[in-house]
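In the two complexes below, chain A is the common chain; its partner is chain B in one and chain C in the other.
Entry: the complex of A and B
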């Protein structure tokens, strides 16, 4: 932690390969069993629920509204009723961004009916989505377009990842074509899932209220933050970057068709930071963390500050940057910061809050 | 060549077939046979209840059998459609479960003065099951020998394991039983406490299953006597990989920080264990490897380090005469431990104790999380295997 803090003080971007906090974390964890079992856990329950209501609910609400726009724009375009392909593509990027803000939540309403992978199915190693879409287009069966039927479709053809293929792969969808009708049906399905997520979230929050475990909400939030940090680093960055410059592959980037892969990472990162920092009328998890370990809270604040700064300075797309030596270096710095965040969350923050995320790490055999 | 992703594609299509509403595109539904692969692991659900479960490569549940306690190793019968699920060390039950439907057929308990030590293996002819056990009165490891008559299992014999604290047992392709004698003595009165850290003497033993006698033993250098040999995997070409744990727990100051090798390899014509250091220091893995597995080709070896949420991949293709191989990628995956072969070469299926299962290929760094929320919801226990 010392080297990280000194890097912050000297104004440099901390780019530790991976901090060695695991031991600290586990020692804290050992203490946690004794020290943190006692103090008012209802505070944790209340904070998690407040975060759910004031930070996550609006994000779901926004997703529902924006995907509704996308659905309407698509329909208008396909029926030649006033939209353009560019407008639909813009609408798509907004929707994707709204989804990436909540992508990390794969429990609660997002877990039902596999809604989370249905919204954006990736990685898709063998391009299953495209193959299934092509089959659907070749068959041009009108029954597939029925919203009721679509609600049950394969996850690979039911959400934003499928829409992206139809909107950005050649040939572009022509109004009044089956391809356009399919696009329209998938957009409607995406809006439908998003509305259900927004609608079911408040009732799900009530389950946290009633749960016998006061830490349940905090545990789920922390688990999502830890997981999405792992995914950003190892899937969203490492996969397209490859182990060296010559192994960079654009087609391995999450949303290379719409060149949104870096925007996705920004939105995923914003999920982590908003849950930690909160906003002007809702404190985040840092409130709890600083109560127990002020130095850790300071480290997190510094890491958020430098990473935000780094992201702001990235005026390129990931798809381009992976093959540019200089920009690639910036991506590696970003990756190192995300790894640092992941390590702090999984070891230090979970230890400080007395939360265990799994069980193999505790007792193996 | 088997292709994991082709079968994954088929599974995606099958899920589409099962939900049945996409009635139109007959072609999508056409080649949806396959799907015979079944992956098996013990798990805890969100309420902490213990189960043994089976799922497909999409992560969709095939079955979940409630168990009286946490289970650990799984032994699949070579020809009958059953498997044995063994209680976690120092456990008292052994369950027989039918495959692929997951019917609970029989539960057996430990004999008097014995505790199950977590793993078991069927003989190649399927007539016997061998279980690693602790004879705690005499402080020695034993192998329980059980007869399988096609319907029921019953205890018929017992052999010495060749050491103390036997843990994983597997069949070698030459029909000898390999035993990881971890060297750690425990007693039911003191739970999982390690009682002999100063005098530990782990070894890898070969037992001739015709005679029940130890035919060969390999030791570690005496300076490394606290390196417990606990998990085993043998490749298609007969290379034995032993995953080690430095015993001592947090009570001993150096146990989690001393730099020690955690992988031992034995090639078919070698006469000693070749020790290999991990590519990262103990601050990443706390000198603790939880599971080890070769890929189907025997070129890649995977090791999981649950205490550091890390997985390591070793390419054992000979680079030159002096090297055992080279380390490939390392990944972070929360609370990871369970690992099994994927159906494609150079690829593994890896589970997380905090929920979720992925397929990962160290060659190209490809991840493919299993999409079904069933596997996301469960806390996967230490070991996983596939039919």
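Entry: the complex of A and C
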């Protein structure tokens, strides 16, 4: 997982960071002074709730379905009941992709019981996942496999990032082994968390309806978009790329074992753009933005268009591209676009909508 | 096509308007107090590091248990003023750019010295130098080239620091010294800290191998720490770069710098990375002072530093006090209820930190508290996190007040006419 913000309340994540940007707070301060007329706040409340119901709820639903497949495939494979390692690996990639569509949401149901960081823990600066998984496998304690035991488990051995290690590191898990049982238990835990996220989301949306702050929903959405843009640029791209070609390192890519790191970024980006653009049934935040500042809305549309185009032309994996001079150039362009998006969201969009984003877990360090 | 939005900041205020009858200080005087506390804090950090150096010299000339204990005590004492300066890191770019040299964390200690590979492991996704062990190896492969490490001196440590662009390659600063004084804590989530024997520095009865090189390393790292602290202490003097950079920001952005430092340390850094992450991983490696098990005090003084800059008051190592007009005074003049709220929240956090200190005195150090299934320990740590999160929310209100007209406003294009800078 990564940097998750609100996370810090009684059930959530912190983050791993390090790019040293200390300017965010200053920026906030300056913008807090802006007093131009905000759009009627009840419209913002309604739009945020509609986005929650029509754009986010289906993404959670899909995550719940796909991780359920993963859990069944894993169990069948480990019990030699009709699946293959390749099929489980495919299910894994699908599950990871579905997660990355909603990874940026680290509040609401995803904040409870550390659910968000439990789904994917990264970057792992101290190699803790490997150490903890090895300890579990060496101890081979059946009690660890009990679904209830996961409420006390480390986030490094609870979700998709742990599954990826077990599924793709050599040697592959052998059916009927403890390693496979552990894999199966973690897959079931991932499916369980996903089902809870999908099930609890509608009730959470009702809290926005009742909240005294009509801007709460929009603020949370914007914070998530801003923060995931920072994470894409500063961690998911910058860490494996290094400062120059000779410093590129595959093992610092988020999901290098399954070669999914670029697919993760695509899904994270799709989260940002879907919330801005909406779909044929549901308008996104651009509707509000264009009413206040049409020029800004046009800028955002242009940026989404060029970035989508850039991503479409990337017919390679991140793991390969970081060490290829030409493809690396494309990744740098992508990074620049993401940085621009982040800057627009944190300053221009929040200012236009009259929202103060506040401190987040990526401030500072 | 995209305009630099951070330029929004330039602002200049001179007079602050008391709106509730309480006479507010000048914003500029508040900044001066803030800078004075920084200067005193870094000077105290320098002096306590010099005392540490004396203890370390004694340890190396006479590697006895008593001298090792004295050096460890000196390290713990040196942390007291330094941790209280951490609130200056965020917001002051000069400090932030410098900080990694003295307090980088977490570290892959296998870069420096021998480690117990059964628990530590032999390799890491992140770090090709995970077990490079420079004390045992006079030649290293670094960034694809051979590095001559025959002599361990300050220049060598600077080359090793963050080598291969991996932040966990921490070759310098407090935590490198901590590792050399304590060694790895192999007690997991059970009580007990690192237990390096004094004979690891004894060239006549050497344990752990390469005792001469280990002593060289420890001395070089300590010299470098002193050099770096001297630089930062100078930087906050009257004509120092950090003080000048702060004052050049103007009143409003200067106040924003104070709040940025308080909020960023409270939330993302201390509550998040240094505390909650350990709680979620239940892993003894995830504690700030993992070799010495001094994390409770480090957290306590980090939080104390946040309170210091708000109240405009710092108690020096020698017992003297640095005190002056404060951000608290300013907020109180604009919104007395918010000032009361913030003071209360900062106190609550201090109490939560004190509870961790008290637990540590009974053997329940941070690594014990975060263990899986230690419900009461986990709760104690979570209470500290909750305190920091709560104070961050109050700080966000203070940001709004400083940014709005309630404290003071002198016009500036960038603030009054935002479309001009969009």
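By our rule, the second predicted complex is superposed on the first by the 318 of 365 C-alpha atoms of A that agree within 3 Å, B and C clash if a C-alpha of one lies under 4 Å from a C-alpha of the other, contacts with A are read in each partner's own complex, and residues count from 1 in each chain.
In this text, a residue touches a chain if its C-beta (ideal position, glycine included) is under 8 Å from a C-beta of that chain, and two chains touch if they have at least 3 such contacts.
Everything numeric in this text was worked out from a predicted model, so none of it was measured.
Between chain B (first) and chain C (second), which, if any, makes contact with A:340: first, second, both or neither?
In the superposition, A:340 contacts chain C only.
Please work out whether A:309 is in contact with chain B alone, chain C alone, both, or neither, and reply first, second, both or neither.
neither
Of chain B and chain C, which one touches more of chain A's residues?
For chain A, the partner with the higher number of touched residues is C.
Now for A:320: first (chain B), second (chain C), both, or neither, which partner does it touch?
neither
Does chain B (first) or chain C (second) touch A:235, or do both, or does neither?
First partner only, chain B.
Based on the superposed arrangement, let me know which partner A:130 touches: chain B (first), chain C (second), both, or neither?
Second partner only.
Per the contact definition in the header, classify A:360: touching chain B only (first), chain C only (second), both, or neither.
It touches chain B and chain C both.
For A:246 in the superposed arrangement: first (chain B), second (chain C), both or neither?
In the superposition, A:246 contacts chain C only.
Quick check on the superposed pair: does A:351 touch chain B, chain C, both, or neither? Answer first, second, both or neither.
Touch partner of A:351: chain C, not chain B.
Would you check which partner chain A:296 touches, where first means chain B only, second means chain C only, and both and neither mean what they say?
Only chain C is touched by A:296; chain B is not.
Which residues would you name on chain A as touching chain B in one complex and chain C in the other?
On chain A, the overlap between the chain B and chain C contacts is residues 18, 20, 22-23, 26, 30, 114, 117, 121, 123, 125-126, 128, 131-132, 152-156, 242-243, 346, 358-361, 364-365.
Can you list the residues on chain C that touch chain A in the complex?
Touch residues, chain C against chain A: 1-2, 5-6, 8-9, 11, 89-93, 96-97, 106, 108, 119-121, 123-128, 130, 143-144, 164-165, 167-168, 252-253, 256-257, 259-260, 263-269, 271-273, 275-277, 280-283, 285-286, 372-373, 382, 385-386, 388-389, 392, 395-396, 399-400, 402-405, 409, 414-416, 418, 422.
Can you tell me which positions in chain A touch chain B when the two form their complex?
18, 20, 22-23, 26, 30, 106-107, 111-112, 114, 116-117, 121, 123, 125-126, 128, 131-132, 135-136, 138-139, 141-144, 148-156, 223, 226-227, 230, 233-235, 238-239, 242-243, 339, 342, 346, 357-361, 364-365
Across the complex, what residues on chain A touch chain C?
Result: residues 3, 5, 7-10, 12-18, 20, 22-34, 36, 114, 117-118, 121, 123-128, 130-132, 134, 152-156, 242-243, 246-247, 249, 251-252, 293, 296, 299, 340, 343-344, 346-348, 351, 356, 358-365 of chain A touch chain C.
In the complex, go through chain B and note every residue touching chain A.
Of all residues in chain B, those touching chain A are 5-6, 8-9, 12-13, 15-16, 19-28, 44, 72, 88-89, 118, 167, 230, 245, 250, 256-257, 283-284, 286, 288, 290, 306-309, 329, 331-337, 352-356, 365-369, 371-373, 376-377, 379-382.
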